[in-house]
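First comes the structure, then the notes that go with it.
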Amino acid sequence: MSEITIGAVERAVRATTTTVLRNEQYFSDLDGVAGDGDFGASLSAGFRVVDKDFAELDKSSIGALLLKISMIITRNVGGCSGPIWGTGFMRAAMLSKEKTSVTLAELEEMLTAAIDGIQQRGGAKLGDKTLLDALIPVRDTVKEHAASGTADTAIVLSDATAAAEEAIEHTKDMVARRGRQSFTGDRSIGSLDPGIVAIATILQDLCTEFGVSRAAKAA
Amino acid sequence: MSEITIGAVERAVRATTTTVLRNEQYFSDLDGVAGDGDFGASLSAGFRVVDKDFAELDKSSIGALLLKISMIITRNVGGCSGPIWGTGFMRAAMLSKEKTSVTLAELEEMLTAAIDGIQQRGGAKLGDKTLLDALIPVRDTVKEHAASGTADTAIVLSDATAAAEEAIEHTKDMVARRGRQSFTGDRSIGSLDPGIVAIATILQDLCTEFGVSRAAKAA
Amino acid sequence: MKKFVNAPINFVSEMLEGLVLANPDTLKYVPEFNMIQRVDRPANGKVSIIQGSGSGHEPAHVMAVGPGMLDASAPGQVFAAPPVDACYECIKAMNSDKGVLALVNNYQGDRMNWDMAIEMAQAEGINVKQFIIDDDVAVQDSTHTVGRRGVAGNFFVIKACGAAAERGASLDELLALCEKVNGQVRTMGVALTSCTPPIKGKPIFEIGDDEMEVGVGIHGEPGRRRDKIKPADAIVDEIFDAVVRDLPFQSGDRVALMINGLGGTPISELYILYRRAAERCKEAGFTIVRNYVGEYCTSIEMAGASLTLLRLDGELEDLLAAPAEIPIRVF
Amino acid sequence: MKKFVNAPINFVSEMLEGLVLANPDTLKYVPEFNMIQRVDRPANGKVSIIQGSGSGHEPAHVMAVGPGMLDASAPGQVFAAPPVDACYECIKAMNSDKGVLALVNNYQGDRMNWDMAIEMAQAEGINVKQFIIDDDVAVQDSTHTVGRRGVAGNFFVIKACGAAAERGASLDELLALCEKVNGQVRTMGVALTSCTPPIKGKPIFEIGDDEMEVGVGIHGEPGRRRDKIKPADAIVDEIFDAVVRDLPFQSGDRVALMINGLGGTPISELYILYRRAAERCKEAGFTIVRNYVGEYCTSIEMAGASLTLLRLDGELEDLLAAPAEIPIRVF
C-alpha cells in the first residue's frame, strides 16, 4: 500500500499528541539551553486541546482534520511555535481538503506546502538551525521514495525518521539564526534545536505506533 | 596616682578611636549574626570624625573634650548607637565640666551618670544583653577600687577590663531584649552582643596603650 | 553583592542626589543632614509633616516627600535610624507657625534619635510632636521588645495626615488622626529571600531555596516562623487571617487593601496575591474601597510581600482620596 | 523558585484576574483570549492602540492599558508571544471607525503571530496596521537575527501614540509618529542576575556572583558580553556611551531620560544610576526635559536596569506631557 488513509492520519495525530505531551518537560529543557525554555509548554498547550477534543474533531477528510489541528494550534499556542506549526498544518490541509487518502507524491506536496508556508512566515532557510532543518530532509526522503515508486510506507517512514535524526547531530554545531535561540548567537553552538528534536522524536514514535522496524538503520 | 588627668583622657580617646576604626568590619560582622550588621559602620562614622578633628577639639577640660565627642557622635552616628554613646559621653561630660583631672570616685560617678542616661534613653536593664551588661560591672569594679582606695589605676583598668570580658561570655546565652537583636528573640541566644564586645575590646586596647599587664588575669 | 553601587558608604547620599537631579523644581537636598525637603516648605498656616527612618525602604520614606504627603524627610544609612542632629535639623528646617509633626516608626533606634531631637527642639521653643507607628502584627510577644514594628501601614498615616494638614488641621487634630489610622491599620509580611545592605555586603539572614519567613520584618528581622514555600493563595490566607484577627476586622467593614512588594518581587506576583486577598475580603464581607498594589515600603531587594488592611470611615475615605504627589514619575 | 505562584500554568491568568479585581470600574478581562481592555473602548472617532507581547515584562504591556495609553492588550504566557487568535480577537474587539494600531515588539514570535492576525483581520475588512518597535542597541550584528529587540523604548511609543490618538490623530499620522519615536529612541540594559519564568522553574541563564551581562535582552537573551560587576557609575558610562553613539545623540539635544528597573533592582539603586546618567547628559550638552526612574519594562525578577534616551522636539514634548493613566495605583 503506498496510499496513506485518513485512518492512518488519525493514528498519526494521536501518536503525535502523546509524544508532545509526554515530552513537554524534555522539550522545554532543551529550549532552556540556548532559548527561553518554553517550547515544550507552548506546543503542549495546543496538543492538550487536540487530545481533549479529539473525539469531536471533523474527520470527514484528511484536510478537514489537519485544518482543525491548525486552528487549535493558532488558538492555543503562542511564541514562535504557534505560527510555525499552525501554518504548517494549515498548508498541508489545503492540499488534502476533500481527500480520505493521499499518495506518497501527494504527501510530498503537502510537506512542501507546509515548508514553504513556514519559510514565508518566519523567513528561515535550510541551515538556520530550525525545525526546517529536519522537515526539509524528511520531505526530500518522501520525494525520493515517491519518485522511485516505493510501495511499502514503512520503509518511507523509517528513512524519514533517520533523516530527521541525522538533522539533530548535523545542526548541533551550527549557530541558530531564528527565534529566541538566535539572540544567543555563538552560544547556541553545541546545543540541540528543540524543534528539530521534536520532529525526530515524533517520527520515532510514529515508527513504534505503526510497528516499523528500525533495526537496520540502527546497525 | 589615683587621679586621671586630661592627658590620660586624651590618650584614652585616641586609643578608643583607633580601636573602633580598626574593628569596624569585625563589629559589623558581630552585629550581623543576630542584628542588622551596621554596628561597626555606625560607630566608625562618629569616630572617623573624632579622628580627623582631634587636633582642633577643645581640650581645656575633661568635660569639654567629652562634650565634643558626644556632639560628634550625635551628629554622625545613627541607629541605636548614636543616642546610646552620645548620651553616655554627654552625661559623663556634665560631671567633669571644668576638671582637668578626676579621682577614681569621680570617675565612678561619671560612669554612673552615663549608665543612668543610657537607661533613661533606651529603657534597657542589666541582663537585656546590651552594652550596659559590660558598663555596669565595669562601673562596679571602679566603685570597689574607689572605696578601697586603690592607688594604682593600672590595677583598676586591668580589673575593669576583666569585668567587661566576663560580660561577653556571661551574656552569650541570654536573649537580647533591646535594639534590632531583640526582634530575633530566641535566635539571639548563643550570639555575642556587639556592644558588649566593643566595650571589652576598647578596654583591652586601653590596657595595651597604658602598658597595663594583664598576665595575672590571663593565667 | 548584586547591586548598582559605587562606594557603599555613599549609597544613600548618591541616591538622594539622583532623586533631586530627577526633581530639580520641587525638591531640595541638604547634604549636611541628608535631608530632602519640598522647595516650598515650611509654609505658615500648615503643620509640617516629617519622617526620618533608616534607608533601604524606598519609596518609603524619602520618596514620599511631596504635596499631600511629607514636607521633608531625613533618612539614615540603610537600616539605621538617622542621627539625632539630622532629626533635629529637619524639625528646625520645617518649623511652621502651626507646628511640626514627626511620624516615627517604632524601632529602638528611630525612637531614641527622635526623642532626643524633639527634646532639643522643644527646649528651643519649637512646637513639635511625634507619633509612633506600629502596625506589624507579626510581633506577638512584645513584652521583651520595644513593641510592634512600624511597616507598610506607615503609608496610610502619611497619606491621611498629609491630606488633613493641607486642609489646615491643627497639630492636635493630626495627632488624633494618627491615633485613629494607626489604631485601625494592620500589616504582616512574608519574605522569600533575604536582603543585602550595601555596607554589610552580605545577606541579613540565610534562607533555604524552598523556604519562606512568615512575618518577616522590613529589616529582615525574623518573623513568626520559617516554613516551606507554599502556593500564593495559601500564603495570602495565612497573613490575611493574622491581620484580620488582630484588630479584628469585621463583616461589613469598609477597607483599604494594600499588597506591598518588599523590593525584589515583580508586580505580576503582587497581583496574584491581590487576587486572593480580594477574594478573601469578599468572603469576609469587607468592601474594598481603595486598593494599592505595588511597592510602598521595601527591604532593599528582598523578594517578598506584605498585606495591609485599614478600616475606613467617611473621614479616612475622604482623606485617602485627596490628591497627592510623590517624586517618582510614572509619566 | 522564589515566587508567589499557584499552578505556574495559571501565572498569567491569575495576574490578570488580580489586575481587574483591582480595577473593576475601568478594566475588563476576557479570559478566552487573555485580553485586558478599557471598559469604554473601542470608541469611534479614535484609533485604538493595542499591544500584545509575552508576559513577564510588567507593567509593560498589560498594565499600560488606560486613558492616553493602550486601549487593550493581549499578553501571552511569560516570555511567549500571544497566540494568533488572541491577537486577532484583540484587533476585532478594538475595531473602530478610525482603525486599529498594533504596536509590536520586534521578536520573531510576536511578529509572526501579529502578522497572521493582521492578515486575518484585514481579510475581513478591518482597518488595522502594525508598527514594529526595535530600540535595543545591544544587538549589533543583526544580519543573522530578526534584528534589534524592542525593549523599554516601547513605553515612549505607547505614550506618544496614546496621547496623539486621544487628540484624534489618524492611523497614518500615528504610523508616522511611531516611525519618528522609534527612530529617535535607543536603549541598552545590564543584568546582574538571571530571571526565572514560572513554568520553566529555573533561571534562564547562569551568572557568577560577581558577574554582569552587558546588553542583556528582556528575556535574558545574552548581550554584548559578560563582565565583572563594575561600580554603578562605570556601568552607566558604558551603556550611556553605547546609546548615545548609536543614534547618535548630539550636544544641544533635548531628551527624555529613562532609567528602567528590570524587576529585582530596588528604586534606590535606580536613582544612583540616574544620578550618573544625568551628570553624563549635562557633560554631553543634552537638556533633560523629562525623566523616568522606575519600572517600565521588566524581565520578571531580574536584577538589572536599562537606560533609554529619546530625542525630543516640540511635538514629542507636548505628547509626553499629556495626561495619561495606568491601572497601577500609587494613591
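We just call them A, B, C and D in the order they show up, numbering each chain from 1.
Note that in this section a residue touches a chain if its C-beta (ideal position, glycine included) is under 8 Å from a C-beta of that chain, and two chains touch if they have at least 3 such contacts.
Since we're looking at a predicted model, the values are computed, not measured.
**Q** Touching both chain A and chain B: give me those chains, sorted by label.
**A** Correct list: empty, since no chain touches both.
**Q** Using Cα averages as centroids, what's the distance between chain A and chain C in whole Å?
**A** Centres of chain A and chain C (C-alpha means) sit 56 Å apart.
**Q** Would you mind pulling out the distance in Å between where the CA atoms of chain B average out and where those of chain C do?
**A** Roughly 33 Å, centre to centre.
**Q** Considering chain A alone, which of its residues make contact with at least two other chains?
**A** Touching at least two other chains: none.
**Q** So that we know how the chains sit together, what is the shape of their touch graph: line, ring, star, complete or other?
**A** line
**Q** Which chains touch which?
**A** A-D, B-C, C-D
**Q** Can you tell me which positions in chain B touch chain C when the two form their complex?
**A** Where chain B meets chain C, its residues are 28, 32, 36-38, 41-42, 45, 74-80, 82-84, 86-87, 121-123, 175, 177-180, 182-185, 187.
**Q** Inside the complex, what are the residues of chain C that reach chain D?
**A** Per the touch definition, chain C meets chain D at residues 1-7, 11, 14-19, 21-22, 55-56, 58-59, 63, 159, 192-193, 209, 229, 231-233, 235, 263-275, 278-279, 290-295, 298, 300-301, 303, 305, 320, 323-324, 326, 328-331.
**Q** In the complex formed with chain A, which residues of chain D make contact?
**A** Residue list for chain D touching chain A: 9, 54, 76-86, 107-109, 112-113, 115-116, 139, 141, 144-146, 149, 197, 199-200, 202, 204, 217, 219-222.
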